[in-house]
Structures are given as structure tokens and as C-alpha cells.
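Consider the two complexes below, in which chain A is the common component and chain B and chain C are the respective partners.
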Partner chain A sequence: MISQAAKDSFERIFFQAARTRLTTDPAHACEFVPAVSPGPAQPGVSDEVLVLTIASIHFRIVLSLQFGDDEATRDYYASQGADRTLREAAMEIGNLCCGAINQQLVEHFPDLGMSTPYALSSDCLGYLDELKPEYIAAYDVTLEYAARLRATLCVCASAPLDFTAQVADVHESAGELELF
Partner chain B sequence: MAKILLVDDSSTVRDEVAGFLRKNGLDVDTAVDGKDGLAKVKTNPGVRLVVSDVNMPNMDGLTMVEKIRGELANSTVNVIMLTTESSPAMKERGKAAGVKGWIVKPFKGEAVLETFRKLAN
Partner chain C sequence: MSVLALAVALLFAALAAIVAHRRATRRALRLQDEALARLAQTHAEEKARCDASVAAHEARASGASAEIQRLADALASESENLAQANAALGETRARQDDLLAHAKRIEGESARLKAFSATFERWHEQMISLMAQNHDMHRKNQELARIVNHVLMVSLNASIEAARAGAAGRGFSIVAGEVRSLATRSQELSKSYRDSLDRNDLVTTATFQDIQAGGKMITAALASVEALARQFQSKLERKPT
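After this line comes the complex of A and B, so read on.
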């Protein structure tokens, strides 16, 4: 029900969003290694998973982000605010990443709605198949050769889905004030 | 009495944005969701500019704006949305509710500081 072009588009959109929003500086290195999902619990990752959804009439995306529970990841995101916990920083980082995905998809699907971020037990990842996803992809992401997280993109479709996204630079208009 | 009210459920955004504005001499109060924001606009007539997220628990930002204009009959306070949402439909709803401007996150303070300063005075 989801065409290969649409699956490739979801992947391109996610990679672009991750490179620009999961990093604290878009110039930082961001490497993706495909992973198995739902896979075995990764040693050293948080026992919480951050979950966001984007929904339209025809499909729903569940983006889950599981941040590394280690010194390197905490140090990497500590620059976002000295007194902030990794969990607090991760909520907004995830929100920005999902927002960037939403920003690209809205060009093709104007009826999109996005959730606020939720922190759930990572045990929930084992039940993603219950959503009967048509497309699921997981990546181990390494940021600036140190910080790491597991990202899982899960798409459930209720109608045939076929589109090709040419990924635009999400930095062009972000942060600018559009006056009405 | 604060002239800018920043409404966002993310403590990260509240710290970052309010911190930047205060560092630049602006008087800022914060609220954690639309319900809290509505209550603070109601009890603080000195608020000249509301900067608000859209997606928040309890009450979303656009519903808060509709209530500021409707229930509170406050047509003078300026409202800017600061959000990850960028859909035309969402912006249209904001315009209809009396929102003055829209910023897609992330927040870039230097780009909007002077406009915020004007709208808050």
C-alpha cells in the first residue's frame, strides 16, 4: 500500500530532519546505521523512549527516539543548557526533528497534525508491530562521532500512499518571523 | 509587570527563549500551556505581546488565542506563534483568530528581537 517512492521519500525526509535537528549544530557529523526494529535492548541506552506522531487522513507516522544513556550523549546535549537534564533536552530535540519531518510532508499532505512528545517505557518498542505498520525502519544514529541514539520510523497507512519528496533545506525559513 | 508572555510546555524552550529576551532587556513572564497562558493574560493587563507554541497539553495555543479574543474580549494584545507547525491550514486558523505573526522553530533570537521589542511596547 506504500509505494517504494514513498518509502524512499520518508527515509530522505527523516535523514534530513535528523541531520539538521538532532544535531546541536547542522555542521556536525551525523551517521546512520540501519538497525533491526523492534530489536533487542541496546546496552547503554535509556530505558525511556521519546515518541511523537504525525497523522493525516491517509497515514500515521510514529517516530521513536531512544537516546544513549552515557556520558558522551549527555555531554553533547549539555551545551543546550547547563542545568538541563538529557530527558528535558531530548523532548525538545525530538519535537524539532518531528517538526522538520512535518514541514517537509505538509508540502504533499496539507491535512497533517502533530502530537506533543511523550516519554514512554522502552518496552513499548516491542509492540510496534501491533500497529500493523506498512513501513518500519530503524537506525542507530551517531552524532559528532560520540553521542548516539536509536531512531525508529514507523508508518501505518489506511490508503494507498505514493509520493516523491524532493527534500528542501529546512533551514531556509525556520526561525524567521512571517507577519500577517 | 511583564510585557511579554511566553507560553510553551517545553521547559527547554521557556528557558532558552525567555533567557534570550531577558538578557536583551525585555520583561518576560512564562506559562506552561494555553490554560495557564489564558489565566495570565486575564490577570495581567500589562502583557503587550504573547509568544506561544501551538501543540500543548490542556489547551493548545490557537484555542488560547481564540479565547483571548473571544472570552476576554482582548483585541489589543499582540500574538506571535512560535511552533514546529507550518501547515497553511494552521496559519489560516491563526490569522482568523487574530495572530499577528508565525515563527517556525527553532527560535533564532537575533532575527526577531527588534520586532518583539516594538510589539511589546
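After this line comes the complex of A and C, so read on.
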């Protein structure tokens, strides 16, 4: 029910949202490695998973983010506020990332709404099939060659979904002033 | 002789005077006739000019009368058109008032329906409550798992002690084995229960997040309808310039 173009669009939208919102600086390196989901998370990943939902009339997206529970990840996000715990930072960053996805999707689907984030045990991810998803994509994301997280995009649709989203390549335009 | 001559002279003089008088009279008559002729000609010319002028005037008067009639007809026609336009304007105004009333009702309904957000908020609070209960059940299940593990250890120790006691501990060994079997089943049940709770956590969270996000979607859609109704109302209320 979800066309390949729509799946590719979801991926492009997520990549752009991750590059701009999961990083503390859009110029930072952001690498994606496709992962199997539900499957074993990277070693050292938190046993807690952050869940957010974007709802539309005919589909919903459940975005889950498992941040690395290691020094590199803590140090990376500590730069934004030393007094914050990684969980607090993850809540805010996850919210921003989901908001960026929402912002891109609203160009194609005018009726959208976004939930607040909620933290669950990472064991819950093993039951994503209970949501009867039409499309699941998981990525192991490495930020600035140090911080790590596992992102899972789960799309449940009640009607055929086909759209093509074009997103600007953030690496090409970040920090550059283009004059024509 | 001289008297005769005088008389003759007088006669001639009288004749001459008469002749002269006659000539003068004829000349005067001729001049009078000429003058009369000129006057008659002038009069005829003047009369002809007056007649032409009267004819022209009558023609103009006739044209003006036709024009007045035409204008009167046009005025009547325009008056009729104006009456129709006034009637149409009245209908349009009535329709506009009706549309305005509808726009106000839509705006009012949209504003009223925005109160749905309170319902969504209540659902969200219920989700938090439900998740808290799930969390409590997780905690109790973990405690149960710890107890079961402990019972397993105790039953294992009991089996070892029963084996040491030899024949005297045979009965106790059977009981210890039964306890271990029950503890193992409890452990499996506890794990299954934990899996159920995890599944429940995900489905509950995803469902209520869907409700929460859907609520925001509906609220945004209603706000959009309200804004459109307000714009429509504003356009209807705007006086034509």
C-alpha cells in the first residue's frame, strides 16, 4: 500500500531531519547504516527508547530513537547544556527531529499532528509488528564519528500512500550563502 | 390788348402750372408706385423668410417633441431597470446577510469545537495514568521474578540437602523438586507476563500518541476552518467601494 516513491521520500525526509536536528550542528558528520528492525541494537545503546508519533488522516508514523548510553554520546549532547541529562537532551532532540519530519510532510499532507515524546523500555521495539506497519526502516546513526543512536521509522497506513518529497541536501547548502 | 395778353399769359402760366402739377403728380405717383412695389417686394421677402423660419421652428419643435417622447420612454425603461436592479440588490443583500449569518455560525462552531482539545488532553492524562499502572505492574513483575529466582535457588539448595540426607531425605527431595518445578513455571510465566507488558506498553503508547497527534491535527484543521470562516465573514461585511 505504500509505494516505493513514498518509502524513498520517508527515508529522504528522515535523513534530512536527522542531519539538521539530531546533530548539535548541521555541519557535523551524520552517517546512516541500515539496520534490521526489530533486531539487536548496537552495543552500548540505551535500554530506553524514545517514541514519537506523527498522525495523519490515512497514516501514522511512529519514530523511535535509542540513544547510545556511552560517554561519546553523552559528551556530544552535553555541549548543549551541561546540567541536562542525556534523557532530557534526547527528549528535546527527538521532539525537534520529529518536528522537522512533520514540517516536511505537511507540504504533502495538510492534515498532520504530532505527539509528545514518551520513553519506553527498548524491549518494546520487539513488538512493532503489533502495530501492523506497512513499512519499517531502521538506521544506526553515527554523529560526528562519535555519538550513536538507533532510529526506527515505522509507518502504518490505512490507505494507499504515494508521494514524492524532494528535500534540499543540507550538506551542500549548510552555512553557505549562495548569491545568484 | 395788354389785358388780354396778361390773361393769356396767366392762362399759359396757369396751364403751365397745371401741366407742371400734373407732371409732378404723375412723378409722385410713379415714385409712390415704385416705393410701394419695393415695399411689397420686401414684405414678400420678409414674409417668405418668416414662413421659412416658422417652418424651421415648427420642424425643430416637432423634433424636440419626438426627442422628449424618446427621452420619456427611455426614462420609463431606465426606471423599470432601476426597480429591477433594486429588487436584485435587495435579494443579493438578503443572500449576503444569510451567508454572513452562516459564516458567523461556522466560525462559532469551529471555535466551540476547539474545546475538543480538552477531551484530547483528558485522553492523554488517561494514557499517563495507564502507563503508570503498566510501570507499576512491571515493577511488581520484576519483584515477582526476583522472588521466583530466590525460590529456585532455595529449591535447588533443598534438593542438595535432601540428597545429602540420603534415604531420610527422599521425601523432602520430592517436595524440593516439586517446588523447583513450580518456580520454573512461575519464572516462565513472569517472563511471559513481562513480554505482555512490553507489548502492552508499545501498543498503548502508540495508540494514545496517535490519539494525541490526531487531536492536534483536528484542532489545527478546525483553526483553519475558523480562520477561513472569519475571512469569508470579513469579505461579506466589507462595504463595496
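Remarks
By our rule, the second predicted complex is superposed on the first by the 165 of 180 C-alpha atoms of A that agree within 3 Å, B and C clash if a C-alpha of one lies under 4 Å from a C-alpha of the other, contacts with A are read in each partner's own complex, and residues count from 1 in each chain.
Simple rule for what comes next: contacts are C-beta pairs under 8 Å (C-beta built on N, C-alpha and C of every residue); 3 or more make two chains touch, one makes a residue touch a chain.
Note that the coordinates shown come from a computational prediction; the quantities given were computed from them, not determined experimentally.
By the touch criterion stated above, A:Ile54 is placed in contact with chain C alone, chain B being left untouched. Once chain A of one complex is fitted onto chain A of the other, the partner contacts of A:Met114 extend to both chain B and chain C.
Of the two partner chains, chain B is the only one that A:Gln103 touches; chain C does not reach it. Applying the stated contact rule after C-alpha superposition, one finds that A:Glu31 touches neither chain B nor chain C. In the superposed pair of complexes, A:Leu131 makes contact with chain C only, with no contact to chain B. By the touch criterion defined above, A:Asn95 reaches chain B but does not reach chain C. Common to the chain B-facing and chain C-facing surfaces of chain A are residues 111-112, 114-116. Put simply, chain A touches chain B in their complex at residues 21, 80-81, 84, 88-89, 91-92, 95-96, 98-100, 102-103, 106, 110-112, 114-116, 173-180.
For chain B in complex with chain A, the touching residues are 9-13, 15-16, 55-57, 80, 83-89, 91, 94-95, 99-108, 111-112, 115. Chain A meets chain C in the complex at residues 51-57, 60, 62, 111-116, 118, 120-121, 123-128, 130-131.
The touching residues of chain C, counted against chain A in their complex, run 124, 131, 138, 194-195, 198-199, 201-203, 205-206, 209-210, 212-221.
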